[in-house]
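Below: a set of structures, written as structure tokens.
You will see subunit A twice below: alongside subunit B first, and alongside subunit C after that.
Right after this comes the complex of A and B.
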């Protein structure tokens, strides 16, 4: 180890000597710049003292080091005496730099004085200077060996610059000393330096390890990479989205659990103490039945999971925790947080997607020569790497294929319009069907339940699931007409199914609101009855006992008459929906993927046709369905979280299990898509859909919070007119009065309207600016591409050994007269195969052919000698010319592949 | 310090070697340790099997070519000196060393690194990576699922991209051009040697 250190030092020493030379050798431009900087630096001298000696320091400076303090004092006077020797001043400055911080202030004063004097001087010399500047530079170059002292300035103009120059040298020296202090020093300094070097090495190692550790800490990174290497980035993008969603839900869960559920459990009243926390007498018998519990009735219904369980006490526990307020704020805060996160992620993603760093120039060559990771020593990793290289090649092939096809633009356009028309038709049809069915079910609801058949009762669900079953494959089939790039096709598919599912959402909400309204009616009557009963009780009690001190009626909490509590009912609906969704998803995977794979795999031994290649085959991973399932599930969570705080926890569990379950299912029972395609770098499309769903689920929740009256006997807001009254109460009771005033002013429409207006204006302005930037970006990209093309063309022209041929190309107006070129570009497939399969010797044939061609061409040229040879005499010719030279002859394949830049997404 | 010197003294012509490859004594010692570790039978020469023991090479699709690059044609073994000379290709480029015109190409320059990589692909040493050679590499690099047709189109496409003079093969110059943007100095360096 010590020997190595020594070597390092040795290297440094070598470097050192060289570096000085190198720096001083730099051009005069550099010098000028540095001088400029020095001038600036003069105004604010650094006080960073250095104890090392400058390598090229001269004796005087050392001296000054020692008798620094007296010098300074002396200078104060000297500075006022303007024409002190310039040398002195220079030394002065270096001393100043060396001074300690303590002396800094004093120095500043000195500096100012001297600065002033300099200023005067400068004014005088301004004219003379420019002339002398050039002279200066030359001189500097001559005497670059850094005698910091310089020669005595003879003419006045010179002196000034010399000062700067000297300053520069001493500065350089200083920087140098700072850098190699220890290596130059003896004894202690050197040891310190060795130690520093060692620590730096350790630090590098540590950083690398830490990076590895960080990567290892990203959850499921390996799983996702594994999936990506076998199924391509598009499938992986689903899992990345799932992981992101899991993170989001974890945060939401932390909010909900920490601020609502936990306080109620810890500090609230226990189960059975009041009516809302007790199972009613009528239900008690069956409250523990598993079928009831699975329907979230019984004990489940009166548990912490649902809205109704929470008490309306303003503060609970010793901490005076304001649970109702916290409940409302968390309910709204979940939306706020989600909105913020989604939008921020979208913005960041679009940032990343924007850089056009990798151009499509050498895609295949890059992949070919550089994709292997030479540190792989583990067979499993190696397998994955093989798979991922294969996949990435396949992705590139798909991209390339898509770039190359544009046969009949009119037909394509027509087909696309047709496809969209068909899909719009089916969307409209299914929308109408849903509307019709919902209307009918409302009619049925008014009839007697016994008269209806089973089908009539479940008509809505039946139609919905039928649509969900039929429409996506239908859309997919229609989308075949469009022949989009699979990546774009996926987006369309997602959008269309999304529109279809919106109908689903609509019916669900519609039914829910009907139910809520019915419950509200029922509640009103029960509430009136309860109030009436209580009044009766009070009046009876007071008249009977003849007292005004009336104890509350002594009824067991289980026997209290209570309202239907619509909030809990809504919560239960959402939880049920989520659970059934989980069940359906998991069962589909189990049956549709796992069982199918099992059958295909094992029944294949005794079946009349090839199951693996033939009809059932293995399933593919359904990206669009899974993504949309995830998004809509999240919508349910957002809507339901307010009425069922336990729902978020349930969802966290669901996402966690589905991560493992799905990645297992994908790896074990699915096969990669036929056309593996590269996912777009940012999955902003998913995010956009998520944002839309978030907004859609925000609406009903906010509506219910703002308009519907809360139940009178359950939940944290019971007894209040509106839910948001909690906020008002807090402002009135707990906050100082002026805040209430501010709040009143702030909610004044006169203030809100201008604020909204302002925001709209800001949005408009920002939008316009971003458009401009986008355009500028596009322009720049185009320019870059053009520059690259130009360079390439130039290179081609210059390095084309067969210049004669080029000349000829210029000559011939009709390139199709060049049969050999065309042939070379489009080798017949059989020839290609032959070349590939035979020995490498055969591969030389094209070269030979080219030679033969060259000979022929030469003959031609001799015929056409007197023609202009512009292209040859000016090899790096202008674009137009070179473009001309390289125009059509490369044949159809080549021309499209290279000449025109591929369309960017 | 002492061990270093004793190890160094065991290697003949060590000064010359250091001069030639630019390695420091510490590097040489380290490499010598490595060499001895690989040389199981203590013959002072390495055979291809000895390299095969490194599983990173065993996993590599072109591992045998890399091993082959250590052996000059016709030779079955490699001694320490040529071992070090080959490895010198992977020494990181020196940053702040001046360009010395008298020594035209240090062995760890970008060009010679690329040359080394190029030779791995150019099996028949004709100065060109032909289509067949590309196909060979592709076959070893990709899984079975890729059809022969696809392999061929990949090879064609690669050549098409890189090929500037249209001879249907990739010369060294073209190879260099196509990898212009790749940070070879970074990728083909073994940082522990610094």
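Right after this comes the complex of A and C.
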């Protein structure tokens, strides 16, 4: 073999040698030297051998090349260019890349063609090799270094033949060489390179740590992940929604607390100083009773929790803080901020939904092959991982089944129509029931309270909660007729219960408005009486003391006659509602889930039937109910926050506790749904509902702010005709005159109308453009799909698949010039080719059939290689070529990551 | 090569460094861990082998559903008992190290998943694979129907040549597009 090699080399050298010499730069010399050092053990000095390198070393090098090739495919991709125009360049590159070191390597580039024949030999060597073998060592050295630069040796061989030049490739190659030059250099450059590498590593580590830190900073991430791994992403989506809501409420709370509550506490008048901050005499006895406090009467009612407590002074404290203005702005700003956040989140979600293009291709395969995290070393984590993998498998299977299902479409349609009809009926029925009950309660309200029984007093609430209890399960049962995919079924369910709750909400609101109107009437009379009383007092005082300097009547604040203060009453209603909602939710979890789970678990030992599998069994987590509960609760907060600033704080507490409470409950008492399903990628449905609720709760608040007169003796707006007059006052008194003028112009209908028109036009325009983009997106997606299909087809097509083989064929003539392949064992190239083309079964043991393997792998390369990222820049056609052109990969496993080559057969 | 004495010889160390993706410290640590696994008698053998059971007792492997496959794949033992020499052990760590390339990792992953060692992932392999992934307990197992569906889906996605099995190249084709395979296919001592 050596002699043959020599010949080989000689020939090659003639071809290429000169160029190589010319091209070598100082870097390569250094390398050579270094290599020398490495190889001292070896007799043959490689460094000198640039041109006339001893033949014996040749085969080793070849081996190395081959080894490198597969290993470094990743690298190669980068440089996949490889077929560069100039041979010199290639040689140059190859020298560096590979070897860094092997000056002799250059030859390799040329020799590659002959390698196939030697592969077998190589394979053997490898197998037999033990690490101690010096030669091997050297090879390994090279390989390792080669790694850094690894490129397939083979390309070069091919390159020579097909000189398809491509300026871009050569440029890429140059960049590559530059990048790794430092590794080859010596002295300063090398140090710099080492430093750079070190910094890069540090950077990677830092980034990883930082990412970990960031993840650790996301609250409840672990809790939610844990829930997700057991209950699937749909249940987790509720908790994520809850967390999001918590964040939103924290911000609202910060606004409310920082700009309204805190200033009033710090700078406003203390409790007991004026009438609105004092409990009236009549109530004082019972003001501290727990039952009163629980109803938010007594001291609660006259505290910063509610609207009535705030004073109407224009400015308070040394800071001249304009509390009434701030109150109004915060009240409106809460809506503004919430709207903005909800809409932004929706937009972001829909963004994320868009880019799933490539993901769909290998959903199952990715789950199957890449979902295990080999770093898991903790049995509990492993259990969680098992659960989460199983869950995700099930989710995907459900999705897939749904796609494949197609049965009797007419029956299905009929059933769906029927189901919708039934649900409409029950919705209508419950609507009527509510209407009926509300009417009745209004009649009751006119009667004497003492004559009414408990049931009659609480009829509305009772009916409402009964409906809320009965209807959702009823809907769920009916929905089973429809046989929707669980995800879609969830949406329907959400929508239907939403409709039901809406009735609930609006009944409540109407009742409230009735109450407010009644209070307004009452207030009017009280106000008149107060004014009349005051006038009396003044005239009496002036006539008695005969002076116009009248001090204010000296009445203890607790004794002042006061109006009903409807704002506080509304606030109390909302707070009560929220609190009772919290109670109901928590009790339901405690009884419906926890107690049930306890009974099922412990009574199961002594029961007639299997409780766990049979009737009661464990509860499932009710996603739709919980999500809607959360949404409506938020609606209450939005509506109530204006009248009860403390409500936001209360809600923050509620969300915080329910995060822990519910995640505990779900983990300990619930079982996963029978059909675990994946949450839709963007939970825009939740957001959409939330937006609707936000809008619905915006209406009454804005209505009251704009039309109802504020109470005359309580709250920050007392004494003004309308609440928004605060803004007018500020503009008139505190801002320079021209701003007032601007404002007057701006509110002129002549300006507002065009502005509205402009906005409508803008919306129309944006809508049109977004449609266009959407279309363009669809087109692009289609194109991508087509390109992919084409690629697939191309691969499937045997003739095309074997580009590699064709390349080899091209090489053959050259080959024939060479001395016949050295090894007897070498099968004729044709055979090799054949094997290669039928990869599947042969591919078995990487190292085993070194011979067929090389080719085989080549094939593999072309399959595996197309780098998804590169795909964009290369049209499929050329890529196939370059992919194939890549080195004649040897047994994939060798070298650095080399596993022990599999036992020889 | 057979130097598994308590102290790793310097030349061997640098040699191993050249041969694997591991750093010096990692090799020393690996050697330490490996020596701990060796029984007294074995230590004097030229190429001591650690039986599979002992290797599996490493906490890093204990929870891994593929631990037995990993041992079998990396073992050079003629008896196919999954026992590892120190070099096998280094190979293992090297393939699972940070710097091993996608190519190497995917190759080994393929061999690990190829339960019957026939060079392709056929239905049986995939089924075993799924069972490994879903854990040993019955309640996490998939039903036969689900399994059938799952496997047919996987084949549909990744079996490019439609021969009913996934071969190495098809496997690598899939893996090369996976965003997180490289980062999860890791074992660190």
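One rule holds for everything that comes next: the second predicted complex is superposed on the first by the 561 of 905 C-alpha atoms of A that agree within 3 Å, B and C clash if a C-alpha of one lies under 4 Å from a C-alpha of the other, contacts with A are read in each partner's own complex, and residues count from 1 in each chain.
Note that in this section a residue touches a chain if its C-beta (ideal position, glycine included) is under 8 Å from a C-beta of that chain, and two chains touch if they have at least 3 such contacts.
The structure displayed is predicted, hence computed values, not measured ones.
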item: Which superposed partner A:374 touches (first subunit B, second subunit C, both, neither); value: both
item: Touching partner for A:200 - first (subunit B), second (subunit C), both, neither; value: neither
item: Which of subunit B and subunit C A:192 touches, first, second, both or neither; value: neither
item: Which superposed partner A:784 touches (first subunit B, second subunit C, both, neither); value: neither
item: First (subunit B), second (subunit C), both or neither touched by A:282; value: neither
item: Contact residues of subunit A, present in both the subunit B and the subunit C interface; value: 361-366, 368-372, 374-379, 381-382, 386-387, 389-390, 393-394, 397, 400, 795-796, 839-840, 842-844, 846, 897-898
item: Interfacial residue positions of subunit A with respect to subunit C in the complex; value: 70-75, 130-132, 137, 140-141, 144, 358, 361-366, 368-379, 381-383, 386-387, 389-390, 393-394, 396-397, 400-401, 792, 795-796, 839-846, 859-861, 863-865, 867-868, 892-893, 895-900, 903
item: Subunit A contact footprint on subunit B (complex, rising order); value: 1, 4, 24-26, 54-56, 59-62, 96-98, 117, 121, 123-124, 130-135, 137-138, 141-143, 145-146, 148, 150, 152-158, 160-162, 164-169, 173, 175, 177-179, 181-182, 187
item: Touching residues on subunit A, where the partner in the complex is subunit B; value: 2-4, 7, 10-11, 15, 18-19, 21-22, 361-366, 368-372, 374-379, 381-382, 386-387, 389-390, 393-394, 397, 400, 795-796, 799-802, 824, 832-833, 835-836, 838-840, 842-844, 846-847, 850, 894, 897-898
item: Touching residues (chain side subunit C, partner subunit A) in the complex; value: 1, 12, 15-16, 18-21, 59-60, 62-66, 73-74, 76, 78, 87-88, 91-92, 94-97, 100-109, 111, 113, 117-120, 126, 129-130, 133-135, 137, 140-142, 146, 149-150, 153-154, 157-158, 160-163, 165, 167-178, 180-181, 184-188
